[in-house]
Every structure is written in C-alpha cells, then in structure tokens.
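The next part holds the structures, each set out as structure tokens.
In the two complexes that follow, chain A is the common piece, with chain B as its partner first and chain C second.
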Partner chain A sequence: MTNLSTIPDAGAVAKPTASAGAPRESRRVNPLGGVAHLSLFLWALVTVGPLIWVFLASFKTNEEIFLDEPFGLPQSWALNNFGDAWSEAHIGQYFLNSVFVVLISTAGTMLLGSMAAYVLARYRFAGNRFIYYLFVSGLAFPTFMALAPLFGIAQAMNLLDSYFGLILIYIAYSLSFTVFFLEAFFRTLPHEIEEAATVDGAGHMRRFFQVMMPMAKSGLVSIAIFNIVGQWNQYLLPVVVMQSESKYVLTQGIANISVSAGYQAEWGQLFAALTLSILPMILVYAIFQRQIQAGLTSGAVK
Partner chain B sequence: MHAVDSRPNPAEAPQAPPPRHVARARNRSQRDSRVAWLLSLPTLVILIAMLAYPLYRMIVLSFQNMRLKELFSGATPPWAGFDQYTKALTDGVFWGVVGRTAAFTVVSVTLSVLLGLGIALLMRRVHARVRIFMMIAMMFVWALPQLVAAQSFRWLTDSDFGVLNYVLTQLGFDYATHSWFVNPWEGWAVITTLVVWAGIPFLAISLSAGLTQVPKELLEAATVDGASPWQALRNITLPILKPLLMIVTTLSVIWNFGLFTQNWALRDGHPEPVYQTLATFSYTQAFGRSNYSYGSAIAVITVLLMLGVMVFYIRQMFKIGEVD
Partner chain C sequence: MRHGKYPFIIGFLAVPVALYAIFVVGAYLQMFRLSLTDWSGYGAFKDVGFDNFVKLWNDEVVWTALRHNGYLLLLLPIVTIAIALLFAFLLNVGGGSKGGMTRGVWGSKVYRVVFFFPQLLALALVAVIFQRVYGPDKSGMINGLLPDSWEPWLFLADENWALTCILIVLIWQAVGFYVVLFSAGMGSIGQEIYEAAALDGATRITLFFKITLPLLWGNVQVAWIYLGIAAFDAFALVNIMTVNQGGPNNSTQVLSMQIYLNAFKYSQAGYASAIGVVLFFLALSFAWLTLRVTRRDNATA
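And then the complex of A and B:
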C-alpha cells in the first residue's frame, strides 16, 4: 500500500529546486544517456505528433485539411474555426457547461471522498471493511452497464437534463477510485499530530479539516487532477442524462459535429473544438505545475 | 489491511488499562463509530443510489425478458430464469467476443505496461528539464478525452485523407487509398495503438513517481559490487516497484477489458462483428436490437469476469498490507 502513496508522497517530500538536481545529473556521465535521449525524443514525437496535427488542422479550411500536406502550416492563423465552433456549433455553451459540471463535481468528489477515506483509514467501527470493499468493488463496475438503469433512476428522481443530476452521477462514478487512493494515503500519515490535536481538544471536524487535510495536500492534489481529467473526458454518462442539446457537455458537442454532418461538416470546426477541449487541461497543469514538478525533481535529488 | 489501524492508539488501547479508562475508551469508540458513519453516510447514499441500484436492476433484468413492448408499456417483463445466460453461454458469437476482448486486453496491457515502465526508467536517466518536458507532453495525452483521441485517430487513419496513408505513400509504399479496417488484424492494430498510446502516460507518470522511491545508494552499491544494469533492475528496482506495478497493471486490465469508446468511435458507432468487444456487444444487443435482458446478461457476465481480476487485485493488496 505504501507504494501507491509514493505518487503524492514524492510531491510532499520535494522542496528542493531543479537547480539542486541539475549539477548532480550532469556529473553522472552515462553511455546510455544518448540512447535514452533518442528514445525519449521518438516517444515525444509520437506523443505530441497527433496533437500538433489536430492543432494545425484547427486553423485550416476543409480544402487545406484534405488536400494539403498534413503537417503543413495553415495559410492563415485566423481564429475563424474557433469562432464558428464557439458560436455556430455551440461549443462555447457546451464548454462552459462542462467547466461548470466538472468544477462542482470534482469539489464534491474530493469533499465526500476524503471524508469517507479518512474515517475508513483512521476509525475502527463495525462495517468499516464492508464499506471499504463496497467502494473498491465499484472499480470493477463498467460504466456502460449502468446506462439503462441510470436513465430510469434519473427519470424517477426528475434528474434528466439537470446539472445537479449529472454532477451527482459524476461524483458517484469517481468515488471508488478516490476513496481507494486516499484511504491508502491517509494511512501513511503520522498519527502523532492528530493525537496531539485531540489532546488539545480539537473535535472530529477540526481534526479533519485543519490537521489531516493540510497534511494530505499532495495526495489530494494528485487525486483531484485524476478526477478532473476523468470527469472532463466522460462521454457515456452525459449522453444518458443530458438529452436536450442546450445542456450538452463538451464531449457530446464534439461527437455532434463529427456525427451529424458527415462529409458536409466543417472539419476545421471539429479540430478547433478538439483543441479547445485540451485547453483547460493546460490550465490545470499550470495551476498544479509546482506540485507536479516537485514530484519530478525529488527523484534527482534523492 | 484487516486492521483499520495498524498502530494501536495508546489512548484507546493501553496495555493494562485501569477499569475507568476502559469505560471511557468504550464511550469514545462508540462516539467515534457514530462520527465515522455520519461522515461516510453521504458517500454511501450516493454510491447506493447511483451504482449499487443500477447493478441490482441490471441483475434483475438479466433474469427477465424485456423487449420494446415492455419498455413502452411499462409492464413487468416476463420472468425468464437463466434463459438469457444459457443463450449467451451457448452462443459461438458471444464466446468469440469474449476471446477477442481477452486477447486484446492481454496484448494492450502487456504493451502499455512494458512501454510505460521503459519510458519511466529512461526518464530517470535524462536531465531534469527533459523530464519535465516529457511530463508536460504526457499530461496532455492523458488529459485528452478518449473520444477526442479516438476521433483524431479515425482521421489519422482515414483511407482517403489520413496522415498515415500520406506518410506511408511518401515513404514509397502503395498505401494511397488503403483502408485500415478491412483487414481485422490491421484494424485491431490501429485500435491497440490508440489504447496503448493513450494509456502509456498514466503508467509512465505513476511508475516514474514510484521509481523515486528506489534508494540510489542501493543501486550504486550494486554497481560497485559489479552488478550489470539488468541485474540491478531485476533484483533491486523491480521488487521495490512491484506493488505499484501490480496496482497499475490491474487498473489497466479493468480499463482495457471494458473497451468501448475507442472501437465504437473508430468504427463510427457501428462496429462490425469482428470489432465488437464485450462492452459494445452488450450495448448493441440491449439498445441496438432492443434485447435489453440479453444485453444485461452479457454485462453481468462481464462484471463476473472483471471481479475475477478484482479478487486477484484485493489479494495482492492483502499481501502488500502484510509487508507494511
């Protein structure tokens, strides 16, 4: 178990800067270094190649996409495709819908998931392991199977076409992994500080929010990123719940552009929408950059 | 893993407690128990409503025979017992799908774990800046919605306008209007490439974080003692990495076994029989052919197969817990 938590741990431990790691790296002359760099370069090419292609195509017209060189630069860097996608294909609306839903559902997942993980990791009570395995077995539950019953539940509870319903469902389908991951993480945190807080008279809530949460920050950040990515990517769940076009989320909107219009479609718009869908992840990366990089450089210094 | 707290709390479980303490401890543990249930209650309610109940409905449905008529009239479908299961288990097409899904899972997970591990190991050998650049690139791929990645690959491999054919033609091969999905081997190669390509970032990022836990001193000592890099990897790095490796491998198995979006999107929402996996097969039976109960039975079998993997998974966690 300890090793799973090394992902967040690495971030917690690492305060040293990249400059501290650099000299040590260069001191180690390694014959394999060249091969490593070359292989990584090839992998980087394979990794970002398709992304660059999508990005370039988002500035092109249909003719350019189909007839010109795939990796050629577009004739103009005008944002027409983005503008059209944003307003004509309603990608703007869907984009905002997605942002709204993912923001709230990730926050909800983190709050509920960390509370549950905390008690499962730190409290002895009857049914503890039962609840734990209930969560963990949720990991094996494939989403597509739940679609029809979920539709029924959403209908019965009047949650069709409701953001609240979609958020609840996102939370439910993110909790398994969140609890599983955070439970392991909370377990590795030292008991002493919590005990000291208890002696000082801190209640359960205070202990959780003011003692445990700050200590678990790196673990919480890791799993939050995981959830943001996962929920942003969801396609099947919103298809079930969000039936009217004005309430679509981004993935539905993208599917809509490519499915509905066939060869008549504005492909530039599709690629613009694809590019837009990656943008928030750049933002997320920028926000959590320090935690992510800290996790990386820690290895070099160790 | 059994015990909630591996370290006994001295305040609650003293070695030879005076009676008064015991009473207080019991009191506290009752209060703790209430708080514990209170804190996990909201989570439980959501989980039961959105996950456990659909599962229950699906199991019930798999023992009935629900068709369009019952769907529209709302009447209770007739009870069918194990008919749907018998139908599935005696159907050669179904077993073909099971075999195909299993084969795909084995191949794709093996490839992605090996490549992910390889990249994680290589990243330890390069300069910190290169490493950060790699991480950023991989973050993007990881952050790409499955559907978006699948759409991109559909265009990359398009027979008329795809980049892949263009590049191959430029290299002197005759691939001008080659269709990648006529030959199932080629089609599955495309699907596998997509899944492996999209799966590697998660594996490489997790494993490279795990690698930071391998003590450098140990590796250096091994080198001084004349161990080859391969021996150091086999005897030091891999054993330390094993628990994490088990976990990410099992997760990959669960994810890839449930392959849906990728083959669905690459085949434009109508996968040919040879491109069906258990997930798309179940979905097509239930919603494409309004054979809701048959689709449910297939889904239940899928879950049972997955639970087989999960048992392995939880057992592995028990072992790790004992090492703790």
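And then the complex of A and C:
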C-alpha cells in the first residue's frame, strides 16, 4: 500500500537521484545530514506504520491479532474478513451512501457558492457587503456550537434521517469558506474579457457560465477538492441528522462497526472494513496527489 | 449592465443566502433564544431566565472540559508547528549547500507525499484506527510491540494519559499538512538570500532562525489559527476513542462532547445551547485576538 502512494512521484524522485553523487559528498561534510535523514525516516515510519498494521490485521484471525507479532504476516491470508465486512457490516452500503451524498452536496456547494461569490465580487448593490460578511463570519465559529438548535430546525422541517436534509446542511455549512475563497478569486480575474462579452451582447447569465466560470477553473478545482474531502470526512453533522443504520455515511458506519466489533470480538472484520475505506483514498491520492495537496492547502496559503 | 441587473442578482443570491440563513444563521440565532429555556430537544419548552447560565457557572464538568480544550489549544499548535517547521526545513534546506545552492535532503518528495496522507483520512477513521493502536492488551499495536514481560499500557483507559493520547493522534494527523504548507512557503524564499548567508558562513541553524522563520511568519500565524480551530473541536476523536464519551472519569471531556451529550443524551438541549452561547463569545474573542495580532504584525512589517 505504501508503494502505491509513491508511484506518481517516481518521476520527481528521479531528479534528486540523478545528482545523487553530489549530495553524498556534502552529506559527509555535515553530520546533521544523518540526523535529518533518521528523523524524517522515523516520522515516515510513524505515519505509515499504523496503516500497514491495519492492512496486515485485516487478513488475520482473532487469535493471530491477539497472540502474534503485530507486524508479522498473516498465516493464511484469510479473505473472509472482507466478505464479512462487506455483507454483514455493510461497509459497501455505507461507502455508496457517502459517494451519493458527497457527489450531490459538493456539486450543489460549487454551483451555489460560485453564484453567490460572483455576484458579491462583481456587482455593486445595497447590502452587498452585509451579505458578504454574513457568509464570512461563519468561519469564526465551530460547527458543533449550535448543534441543538440545528437539530431542532431539521426536525421542524422534517429533514431528519433524510439524505436531502443532510445534503442541504452540508451545503449550508460549506458556503462560508467557498464564498470567502471564490469571492477573492473572482475579484482577481480581469474585467476586460467580461466587458468584451457584454459588448458582444452576452447577458448576465452567459457572462457567468461561459466567460467567468471557465476563467475561474483553477480556483474552482481547488475549492471543489477542499469541499469533497471535507464533506467526505464529515462526522458530526451526519451523527446529528442520520439516525437509521441503513442510511449511515461511511464515517458513521466505521464508528458503528468499531463499537459492534468490541461487543462481538470480530476484530478482523473491523480491520477489513478499515482497509476497504483507506484503500480508495490511497488510490485517489496516488492519482491526484498534486491537485489534492494544492486544494487542501489553498485556504491557508493566501 | 442596465437591464435585468437586479433580477439577476436576486436570482443568484436567493438560494445560497436562504440555505445559509436557515441552517447556519438561523441555528446561531435560535441558540441565543433557546439558551434561556428548558427545551429538552423535543416538543414544548418554557422560559427559565438565566438558570442555564447559573448552572453552567457551577458545572464542574464543563469547567473541566474547558480546561482540556485549553490544554489542546496550547499544545497542539506548539508541538505540531515545531515538528512541521523542522521537517519542512530539513526537506527544503537540510541537504546542505553545494556551490552556494541549498537543497533538501534526498527523497524529500517522497517524504512530503507520505507525510501528507493522514490529512486525507477522516478524523472518524483515524479515531477508529488509533483506538486499536492504543488497545490496552496485546491486540493493540503498541502493546503488541512492547516486550511480553511488560505490563500492558492502558493508554485511553488511564485517566492521567488519555487526553495526551488524543493530543498525539491530532498531531499525527496534522503534521504532514503543515510540512507541505511550510514547504510551499520556504520554496518561495529566494535562493540568493541563502546564498548570501552561506557566503557569510552562516550555519544551518542560523539560516533557520535568522532567515527561514522570520520569512515564514505569516504561514505560522495561519497554522496557529487552523490548529486552534482543530483543538476546539476534537469531537470525532473523543466520541469514538474514549471510554464513556469523555472518560475515564471525564479526563478527556471537551466542550464539543459536552454540547453533544447535553443535547442528545441528557435531553437538555436548552442547556447545550447555553454552552454554545459561551462558546460563541470564546470564538469571537479568539477571532478578534488573531485579527489584532496579525494586523499589528502587518503594520510593523
């Protein structure tokens, strides 16, 4: 599993290795180099270690998990843990639930967020700044602050235990950052092209969808990745909104399996479920590593 | 720009503003209203004045939770930033200088990719993984690695260490993100600055404190704010990992857990709202403080 995540960088690694002769010389000169390497290597080990351990344990029986060396290879590579995780623990169902919710809510966040951000960045009207600061002020407060009233609102609107409700709430709580980021982004785009489009007779709608959106592509991609990762990893909101087990999203489902694994002592099944939820992330990360790093840090670099 | 400007503006703003107003602003406003009631979470309620706040003042568990948030708020940023700065420096400049060019250690790209990965995992997932890593018997990863003759460490079941175990998981997940963030910042520091300093005979430790750190100060401030927000939350970790949601004996209790427990377990949603109101003012002062500090820095810079 570690190999996978390093594949996209094989090309990039080749660069420093090409000049490997030179650094070796300079390393001999300063003893700090050894310590540097050691500390970096140790942290890499600490980062990957638990994941490898989970991966190995997902092929083990309960006895092996309790009695054998944690990083020993499994005796038989039993695959039935994965079958159990899929059918009995419903990890596949939770996974698809998450995919469904995040697809729609991220698309909705991007559409509504960019619409609001565009109007706030490019049009002058009374109340513009008020609405902008209303959105931005949401950044100052943690999501869990108003948990009880949020539950009350969802309850009153009959949105509890419904994907529709969860999606609306995801979008609402993602708008602060999306509007904040995209408003600044739309501001930096040149006015000339937009004006040219106006002269050519393009209306407000066409200017937004056919002129501004394509120009804002890099910003839109960054913030879309930010929202996908954020909503995929959301745990607090689904715990409040989704109550029936068959509708759980992945994070809830995993937490739930962890509790029942404790009761029934089915540790192999839990580790298999964990592996099944980690592997797709590694795959996606291997392919989109650069974009993901850029997207997630985009909020902080400004 | 003349015709149809206002219908367009309203058409584009209506849905996002409505959603935000209902679920975010609406929830915040109702929080103030509900904090003065005995609402259980379902059905009717009556006004109780400031009873919830009086109760809050005398609630030792809430004070404990607040103290634990303070502990995380203090240590999570300091430790994470220190480790991330060190690694980012080693990855970018640690390879020493040759012909006046500073460079990162060998394999720095791979390290960056590996370090960053935990950031992608849901905190809930990380919580489940580390609950097993910290397993209090031989099935736990750490206890499994320790010699058989040793007594198993209790980790999360040990009152004195449980909160530190949570802190370590938060650090484990966060470091990679800030290594990448700081690396990006260090990458934009011009080579010629290092060259000049190297010509003057500066050691790498001097380079770090006299050049890298001052030029990265903006990034460090952003990191501080982000980590502060993470330290305020910690809900997923405490809810999933700890004994009895915040135990043992409230040794891992935090404010997010208190709000959740009061709202959904103890049927005291009014009281949970009162805790939210206190948090509102704490978050506001935190935001005000950061704005002030960053502004003063900008003014002097």
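In this text, the second predicted complex is superposed on the first by the 225 of 302 C-alpha atoms of A that agree within 3 Å, B and C clash if a C-alpha of one lies under 4 Å from a C-alpha of the other, contacts with A are read in each partner's own complex, and residues count from 1 in each chain.
Just so it is clear, a residue touches a chain if its C-beta (ideal position, glycine included) is under 8 Å from a C-beta of that chain, and two chains touch if they have at least 3 such contacts.
Fair warning: this is a prediction, and the values are worked out from it, not measured in the lab.
S.K.: For A:287, using the defined touch cut-off, is the partner it touches chain B, chain C, both, or neither? Pick first, second, both or neither.
M.R.: neither
S.K.: Let me test your reading of the model: by the given contact rule, A:191 touches which partner, first (chain B), second (chain C), both or neither?
M.R.: first
S.K.: Does the superposition put A:73 against chain B (first), chain C (second), both, or neither?
M.R.: A:73 contacts neither chain B nor chain C.
S.K.: With both complexes overlaid on chain A, does A:278 touch chain B (first), chain C (second), both or neither?
M.R.: both
S.K.: Touch test for A:119: chain B only (first), chain C only (second), both, or neither?
M.R.: both
S.K.: So, A:42: does it touch chain B (first), chain C (second), both, or neither?
M.R.: After superposing on A, A:42 lies clear of both chain B and chain C.
S.K.: For A:96, select first, second, both or neither according to whether it touches chain B, chain C, the two together, or no partner.
M.R.: Touch status of A:96: no partner.
S.K.: Do chain B and chain C touch any of the same residues on chain A, and if so, which?
M.R.: The overlap between the chain B and chain C interfaces on chain A comprises residues 2, 6, 9, 22, 25-26, 30, 32-33, 36-37, 39-40, 43-44, 46-48, 50-51, 53-54, 65-66, 69-71, 112-113, 115-116, 118-120, 123, 125, 131, 134-135, 138, 140-150, 152-153, 168-169, 171-173, 175-176, 179, 198, 204, 208, 229, 232-233, 235-236, 250-251, 254-255, 258, 270, 274, 277-278, 281-282, 285, 292-293, 296-297, 300.
S.K.: Which stretch or stretches of chain C touch chain A in the complex?
M.R.: By the definition above, chain C touches chain A via 1, 4-6, 8-9, 12-13, 15-17, 19-20, 22-28, 30-31, 34, 39, 41-42, 83, 86-87, 90-91, 94-98, 103-111, 113-125, 127-133, 137-139, 141, 144-145, 172, 175-177, 180-181, 184, 204, 219, 222-223, 226, 229, 232-233, 235-236, 239-240, 256, 259-260, 262-264, 269-270, 272-273, 276, 279-280, 283-284, 286-287.
S.K.: For chain A, which residues are in contact with chain C within the complex?
M.R.: The touching residues are 2, 5-6, 8-9, 12-13, 16-17, 20, 22-23, 25-27, 29-30, 32-33, 36-37, 39-40, 43-44, 46-51, 53-54, 57, 65-67, 69-71, 112-113, 115-116, 118-120, 123, 125, 131, 134-135, 138, 140-153, 155, 168-169, 171-173, 175-176, 179, 198, 203-205, 208, 229, 232-236, 239-240, 250-252, 254-255, 257-258, 267, 270-271, 274, 277-278, 281-282, 285, 289, 292-293, 296-297, 300-301.
S.K.: Inside the complex, what are the residues of chain A that reach chain B?
M.R.: It is residues 1-4, 6-7, 9-10, 18, 21-22, 25-26, 30, 32-33, 36-37, 39-40, 43-44, 46-48, 50-51, 53-54, 65-66, 69-71, 112-113, 115-116, 118-129, 131, 133-150, 152-153, 168-169, 171-173, 175-176, 179, 187, 191, 195, 198, 204, 208, 229, 232-233, 235-236, 250-251, 254-255, 258-259, 270, 274, 277-278, 281-282, 284-285, 292-293, 295-300, 302 of chain A that touch chain B.
S.K.: Which of the residues in chain B come into contact with chain A in the complex?
M.R.: Answer in residue numbers: 1-2, 4-7, 9-11, 29, 32-33, 35-37, 39-40, 42-44, 46-47, 49-55, 57-58, 61, 118-119, 122-149, 151-153, 156, 160-161, 163, 166-167, 197, 201, 206, 208-213, 215-216, 229, 240-241, 243-244, 247, 251, 254, 258, 260-261, 268-269, 279, 282-283, 286-287, 292, 296, 299, 302-303, 306-307, 309-310, 314, 317, 320-321, 324.
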